[in-house]
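To keep things simple, chains are lettered A, B and C as they appear, and every chain counts its residues starting from 1.
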Amino acid sequence: MPICTCTPARGTLTAAAEARLAADITRIHADINKVPPTYVDVVFSELPQDSVFVGGRPGTPLLVSGWARRGHPQTETTRLALERSAAASRIAGVPQDRVMVVIQDSPARSAVEAGRVLPDPGEEAEGLDG
Amino acid sequence: MPICTCTPARGTLTAAAEARLAADITRIHADINKVPPTYVDVVFSELPQDSVFVGGRPGTPLLVSGWARRGHPQTETTRLALERSAAASRIAGVPQDRVMVVIQDSPARSAVEAGRVLPDPGEEAEGLDG
Amino acid sequence: MPICTCTPARGTLTAAAEARLAADITRIHADINKVPPTYVDVVFSELPQDSVFVGGRPGTPLLVSGWARRGHPQTETTRLALERSAAASRIAGVPQDRVMVVIQDSPARSAVEAGRVLPDPGEEAEGLDG
């Protein structure tokens, strides 16, 4: 259901670290937003080092952006962003100074998974089980 | 005007299937949101298979995300997502269980195409023709 | 703080042009949205030419999408999009007809940088300085 896209400069994360970070982001998201882990998609889109800039100069940020259904309490979305940032820093071995996390949203009814329109947050029983 | 980004794991779609899916997504979008087909951008951003995770484990989802101007009726955006999901499943030859479609939006006035600020939905005559 | 993702078809921009465009986008953003340049992330995600479609056919658009904190005045976001479009066209050497700029947003409190929740636009002193 949610999508998380990590965009590191090439070489920032090993394949093993990607797998660990994907597992951790999934666990955090399932816990805070109360969705089954199998509904969490995490992808890594590595970019060449000379294609990444911070402050207009070559840099090595770890960008973690994502989408979730609109309507979760803001305090939970903030917690999600904070925990993702901490996990990315710890698992990638980069200081949090270089980690930027953004969570975007749009209406659940603007999204379709497994052929079904997504339920609003709090209305999952109908959408996920039946 | 709208942008659609398909993110398959490598090998999910052949080049020919990408072209067919791009054509279908364009047709669907032009039909539902009533914009000229030439304003629809569709891109495919293939990722290595070991960079894609579902439920914290390696997976092969077909993620189809996109942007459209805010202000289209929600029922039409929902229909757009449903039809994109069906097209992606049929053309890529993957079950809908593996397809996730998300449509995001922001104000038309936050977007510029061909040097011109986009018109709000329903105000196209001014923006596209003059 | 803001993220800008440029998605050109391969060969549209040289490495030197990418660096110049990143610097220009950063300057424009820092100026209009009044954030320190060091908080602006710009990345380039080149795609194979046969993975990019306009109007359902192979094309060579230069897509420039991005995220900023919600709450900036709309007139400034529109100016940001216009200036990005002009810079991309001029530096990449492509006509503005092929340039599409979209700025998305979500609440500042849905984003974390350097381990800290972002401040709302206009509240930067607290968030950036301590």
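We adopt the following convention: a contact is a pair of C-beta atoms (placed from the backbone, for glycine too) under 8 Å apart; a residue touches a chain by one contact, two chains touch by 3 or more.
Chain-to-protein mapping (UniProt): A, B, C = Tautomerase.
Since this is a predicted model, take the numbers as computed values, not measurements.
The two sequence copies chain A (Tautomerase) and chain B (Tautomerase) touch through a face in which the numbers common to both fall below half of the numbers used overall.
Simply put, chain B (Tautomerase) must spin 120° to overlay its Cα atoms on chain C (Tautomerase), rounded in steps of 5.
Each chain gets one centre point, the mean of its Cα atoms, and the points for chain A (Tautomerase) and chain B (Tautomerase) are 20 Å apart.
Multi-chain contact residues of chain A (Tautomerase), defined as those touching 2 or more other chains: 45, 104.
Of all the residues in chain C (Tautomerase), the ones that touch chain A (Tautomerase) in their complex are 1, 3, 15, 18-19, 22-23, 25-27, 36-46, 67, 104, 106-107, 109-115, 117. Residue ranges of chain B (Tautomerase) in contact with chain A (Tautomerase), taken from their complex: 7, 45, 47, 50-59, 61, 63, 65, 74, 77-78, 81-82, 84-86, 89, 96-105.
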